[in-house]
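One chain, subunit A, appears in both complexes that follow, with subunit B as partner in the first and subunit C in the second.
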Partner chain A sequence: MRRYLLNRLGQVVLTLIIYITLVYFLLQAMPGDITQMYLANPRIPQAAREELQKQLGLDQGVVMQYLNYLKNFFSGELGVSFSHYPRPVWDILMERLPRTFVLFLTAHVLSFYLGYLLGRIIAWRRGKVVDYAATVVGITFWTAFYPLLSLVLIWVFAYTLKLLPLNQFIEPRLWQGAPFPTNTVFGYMVYGGGAVAVGLFLVFYAFLRGLKRSRRNTARAWLSAFAIIAVALAVAWRTGLLVYIWDIASHMILPVCTLTLISFAGTMLLMRDSMLETVQEDYVMAARAKGLPDTIVRDRYAARTAMLPTVTSLVLSLASSMSGGLVTETMFSWPGLGQILFHSALANDYPLATGALAFTGVFLLIAHFVADILYAVLDPRITYAGQPAVEG
Partner chain B sequence: MDTLLKLDDFTMHYRTKAGWVQAVDGVTLSLARGQALGLVGESGCGKTSVAMSIMKLLPYNSKVVRGRILFEDRDIYSMSDEEVRRMRWKGIAMIFQAAMNSLNPVYRVGNQIVEAIVTHEPETSEREARERVASLFELVGIPKERVDHYPHEYSGGMKQRAVIAMALACNPKLVIADEPTTALDVIVQDKILREIDQIRRKINMSMIYISHDVSVIAEVSDVVAVMYAGKLVEMGPADNVFKKPRHPYTCGLMMAYPSILGDKHELATIPGEPPNLLDPPAGCRFHPRCDRASVECREADPVWRAVAEGHYTACHNPVEITGTWSEAVKALNGGERLGASSNA
Partner chain C sequence: MRRFWKGILAGLLFVFLVAGVASTGFAGQGKLYEMAIFADPTTINLYSSLGPSATVYNSFVSNSQYYTSLYGNAPPTWAFVPSAAADMPSPLKEEKIGDKTYCTSIVKMRKDIKWSDNTPLTADDVVFSYNAVLEMDPNKLGGNWPSIVDPTVLERVEKVDDYTVKFILKEMPGLSQWQYGVLLNYIVNKKYWEPIFENAKKAADPVKELFAHEPEKQPTAGPWKFGHWEKGAFWQNVPNPAYSGKGEVTTFYENGVVTIENPKTGFKWQSGKPEGKVQLKITDGPDATGTLYRIFQNQSAAVLSLTGGQVDFVLNSLGLQRGFQEQLKKAPNVALIENSVNGFRFMSFNLRKYPFNIKEFRQAVSVLIDREYICQKVLQGIAFPQYSVVPPGNAFWFNEKVPQWGKGLTRSQKVAEAVKLLKKAGFKWEVEPEVDLEKDKVLKRGKGLIMPDGKKMPEFEFMIMTAGYDPLRYTFGLNIAAWLKEVGIPIEAVPTEFNVVSSRVFDEQNFDAFMMGWSLSLYPDHMKWFFHSEQAEPGGFNPQGYNNPGFDKLADDFVKEADLEKAREKAFKLQEILADELPYIVLFDTPLIEAYKTDRVQYPYTKVLSGLQYVGGLTSTVKMLD
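Presenting the complex of A and B:
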């Protein structure tokens, strides 16, 4: 397993180098260069022009420029943004990245889980009313025109019912004179959310790990889960963070729901298809013969093996999140990576555009890497380099 | 005799595009506690269908046309789903024909057995269940440390043994073994069959062995039932049936496999093919392949009747073997028809 991972990591780095090379030369090939504005400007004195050329490193050859770019990239030096001068690109990206990441991760995990749950139910009840209903509803959303769907949802929930905020990341009026900066609150939110998620996972794992699920342990697991959430909320309340957290969270609801609605059918139908095959397997029949309760046969036998192909779809959906991200972030004015990429490209802000693109690539590569690991954990039959990926 | 399982005129058909497949037709038999029944017949004659009917695991396109199946005097087709669920594995366990594929590939083998135990015996702790699995593995001859391996790490024979261990896990009253050893070589096959038989005797379990190979059945069964094209054609104590078979089909099957009684004879296949169950022949279903068939056989369905104590057959012209089976076979190889003297 370790050798496999190292190998894979090597491949990831190699792919990354190829990718950022492509990004570099693509942007180089783009017409209209901000530097030309200064370098070709006759009103700037020759000496200043040469100085500027030197500063920008344009006096060196293309190869040298490219090598410098590589060196800077891997030492985390992404330069200074033109359009947000003098903020460093790294700073801007680091501010935007978590926002995009949290929004899309939430949406994708939710849509994946919803699709998985529905898929396994409708496959189990194939040909029944639930099957048709879920398929029709799912496909309707799946094929809906995405910007239109977001507009409809915004119109219904934000404009007409006034239940949710229209767009953006925060409600500026609320934050005037707030004791915390937005990014700090968002950071707390991410870390706190992460900690709660890990806590919940551990609780369920500890109580429901065995093959024997007594009612008492189930009750304990749920009680502890509620306790963890209650404590987290109480802490947020006491520190006065809760209102601000809720403000950010409520701004996330509409985009997350739109993304979920539009994409859950993919996982659902994939899961249904895959499970219609596994229900025919002999071990599912054997599980039924063993007298296991119906839900266990469904979840542990038919659905468990059927979910393997859907993991690929999860990763692909994560991968496509960047392009979808652009539309979503524009529709909901969500200040994330997609938006910055769009604006920087329009503004000829090369350092920022390059950085944003490079980050998108890193994102995708990590997603694929995670998928490989997930696969190995989920399917013990997969062996890497002749050894089972998971020991014994 | 304490009856454990009883099939009463049980008839089950499959719906297909081409029509109804009459896979099980009027099967009547009963099995006592601790008894081993061998169900034998050619491929496609409905043996697995009978087994699945007993487990109440029939596919959605099946239909029970008439008859009942009683397990411990209760009609399993009028039990609720929950009652059936509890009956499975605790009452009736099964070793599937596709034993190789009846293990979930993504769970450790031991866990799959523990799961069955703790489901049916909630009072058993997981640790006790694990101990029982270890002793079951010892019983079927799998090294203990294999408990935590995945199915793909097992050899075919080990999977087969694991499936047998799984069937025995809840001390069932009846185990149905559908060709439990077909995937193994002959030596291992024999060994495993004997092992199962020993275990059966030790814990006084009933057993239904299913095979197309009479020699396999003969070794381990108390009672033998011969099935042809969805119907039982002969049933009786193993000794009787194999020494003095009455139905021509039984004789044909016995000639087709190496002898069970130790005598050497040339293997002879039964001419022709089993009928299409969509539209089985009228009268006796075997008549197109039977060299003793008369007009009666073509027209009338033979009745199921006793020919000796506990020995039944459904044949208009039953075979009458006067000497021993080997003499009859010798005579046959010399050109005579089986039991020709009795049949004018």
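Presenting the complex of A and C:
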């Protein structure tokens, strides 16, 4: 296993170097450079353009620039943005990351959960009304034109019904005198949300795992879950964060719902197909023959194995969520990494564009690595030790 | 299963209910002036803001809101008026200082202008604002700095007394370098900025160090000071409590005279003897209790926010997309404004290549282009035809007598006129185009154009913008190609990305013909930059390679001219030459459309060149309605 992990780690590093090299030269291949903006003002002398090229290191050859970039990259230095000179690229990425992370992580998890849940159910009830209904609804949203769907949802829920906030990720009037910058609140949301999620997982794991499920244990589990949430809310309220967290959360509802609607069908259909294969397996038949309840057979026997492909899809989508989504960010005025990537590429801001792409690339490679390991954890039949696992 | 759906439904209802409660109650309240903008400013720092990271949004939210200058151009007529100065600068005169001869001018300053920390704005601040930039080297600061504090013109500024400064110039400047250049520089607070500069000078990279400073607490002399910036969400400015311009009245008279009167401080100034009716009277505020710039990433969101009452005005240098016009016309309490812009879109040839260097060839091309047809019939009035390199909207400098090639001719007349011009230059055809002028029909398309040197004209590339980048230029480009082909000119319109066009035209000068656009400044010195032969080198602004020694001399004289009337005469003459020689074939531009909430704000005027965005949304003179 160790040998396998080291081998995979080596592959990851090599892939990363190739990826960064490709990204770097592709961006450099774009015509012109950022100093072209000086061409828009004839009053700016050529000397100023040359000074800027010198300042940004654009007067050096591309290969020299690349070698410098690579050296800096592996020492954790992503350089200085050209279009936000002299802000470090790292600062800009870190400013945008929490917003992207919170929005897209929530949307991906929700979409995965909904897809997993529905996929499990419709596979079990294959050919029934619920199967057709969920498939038709899912596919309809999946094939919808995303910007249009976003606009329709904004128009209905935010503009006409006024149920949800209209665009942006916060309400400026609320935040004018806020004691916290938004990223602090996003940080608390990530850490707090993570802690609450772990707490809830432990509670349900402790009370409802295996055959412990009973009315009393279910009640205990839900009571504990409510207690954890209540404590988290009380802490947020006492520290004055609650109103700001709620503001961000309320602005998240529309983009999260849109993203979920548009993408849950993918996981649902994957899960459905996988389940349909799994339910034919002998061990599932054996479980049924033993007289176990249908829900136990479905959820504990069939779904666990069937979820393997969806887990890979989830891990990869979580990693890609780091790059944000340009359309979502644009339609909902949610300034995240997708926007940064787009605008930096348009502005020939190579350090920022390369930094943003490298950042996403690192996450994707790590996600691949994690997915490989997760496979072994979730499916005992898979081993990386070099010999087949014990079957039986 | 039923439980699952019930749970989902209950959850959604709860979320919508609470979110609905949370989201209401913030729309358009009080006297806060709220505007929609479409990108984050890049910095709070003035030096960086006008440097390489300059964006129009920096100017909207900070530069024009926080700082004053010695002089300014008063909208909507753009008359040159004093701001921090008490009167016009003294006439420039030659003076020997040490062993060198300089050109000098004295500027007397107002004594009633204060910084937001209640200290007076003095000559020390003015001297520092100029000399610190010179010391740092405007070329190294980059961006707009070399054109504002032009090191080729300005030697230094000296303090004469607390409220008088002396400008020492290396040579006699023209209007563009003096009134429309040096004298418009922003004044910063010396007490605040001096230590920052000193610190920067000690750093390995002084410019980088200076740009990295975030002056959130700097004193300002404009109507506003910095409030709060939540990146990606909003920028807020709060009123400058010591703003001396509050209550100041600027009056525009029929004879063009402008008067400024501050009843609070007693300051008075007038540009001449007022005669005729008062055309406009503007009282400075600010009336708003603050300005809030909401940052949106798309125009649909901004328009919904405007009609929904979240913002009072959409502040965009490009105006609103035409598609929103109908939607906004129907919206209650929303008014649309349409203004002409100071710019143009044009096509040009590489004049180093044959036969593009033949004047009659270019005139024939200009004749063949039916600007009115495309603007009115194809583009349904969303663009207006243009013929001159100085737009008619810039009324003072526009020469209305320049020839407008092909204007008013029918299709067949245009073809006939173009054939005449081409024949005059010695062009022939394998198949000459034929027209029926009475029925206005082209009977035979031209084929095989033979150049005056006897060779057949080869096909050439005409780079036009892609439909995604600019559908108007794309449409124009395709139509131009079709009309030129009709008379046998072998043109091939190639939609090309802007960066590629820019690189091939300006850096490589490797092109046949291209289409582009310019936004201009009020003073039309662009005529020198775009057509002077010294700009014909790679990286210059005359990539088409226009070379006319007579024009060069006149252009040089024009930019050096310090007398307004004489400068105007020269500008008119330059326009005449350009209209005859056509190094640029000017095509069209688009009006700027803007929208605001009539139940929330009232502007002193809405008709102004380049729209209300050009004056930053009139933050200090807008009246907030209850």
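General observations
What we mean here is this: the second predicted complex is superposed on the first by the 339 of 392 C-alpha atoms of A that agree within 3 Å, B and C clash if a C-alpha of one lies under 4 Å from a C-alpha of the other, contacts with A are read in each partner's own complex, and residues count from 1 in each chain.
As a convention for this text, a residue touches a chain if its C-beta (ideal position, glycine included) is under 8 Å from a C-beta of that chain, and two chains touch if they have at least 3 such contacts.
Just so we're clear, the structure is a prediction, and the values are computed from it rather than from any experiment.
Contacts of A:T305 after superposition: subunit B is touched, whereas subunit C is not reached.
In the superposed model, A:L378 lies in contact with subunit B only, and not with subunit C. In the superposition on chain A, contact of A:R2 is made with neither subunit B nor subunit C. When the two structures are aligned on the shared chain, A:R216 is found in touch with neither subunit B nor subunit C. Contacts of A:R99 after superposition on the shared chain: subunit C is touched, whereas subunit B is not. If you count the residues of subunit A touched by subunit B and by subunit C, you find the higher number for C. In the overlay built on the shared chain, the residue A:R238 is in contact with neither subunit B nor subunit C. By the touch criterion defined above, A:K290 lies against subunit B but remains apart from subunit C after alignment on the C-alpha atoms of chain A.
When the two complexes are overlaid on their common chain A, residue A:D282 makes contact with subunit B while staying clear of subunit C. Remark: subunit A residues 210-212, 214, 281-283, 285-294, 296, 300-301, 304-305, 378-381, 388, 392 touch subunit B in the complex. Those residues of subunit A lying in contact with subunit C across their complex are 30-32, 34, 36-49, 51-52, 55, 80, 82-86, 95-96, 99, 117, 121, 130, 151, 154-155, 157-159, 161-178, 181-182, 246-247, 250, 253, 329-335, 339, 343, 348. Those residues of subunit B that touch subunit A in the shared complex are 55, 57, 81, 85-90, 93-94, 96, 98, 101-107, 111, 114-116, 118-120, 122, 125-126, 148-150, 152-153, 166.
Residues of subunit C touching subunit A in their complex: 1, 4, 15-20, 22-24, 26, 29, 32, 39-40, 42-43, 48, 51-53, 138-140, 142-147, 176, 181, 205, 207-208, 211-212, 227-228, 230-234, 236, 292, 294-298, 300-301, 304-305, 308, 310, 497, 499-500, 502-504, 506-507, 519, 521, 525-526, 529-530, 535, 539-541.
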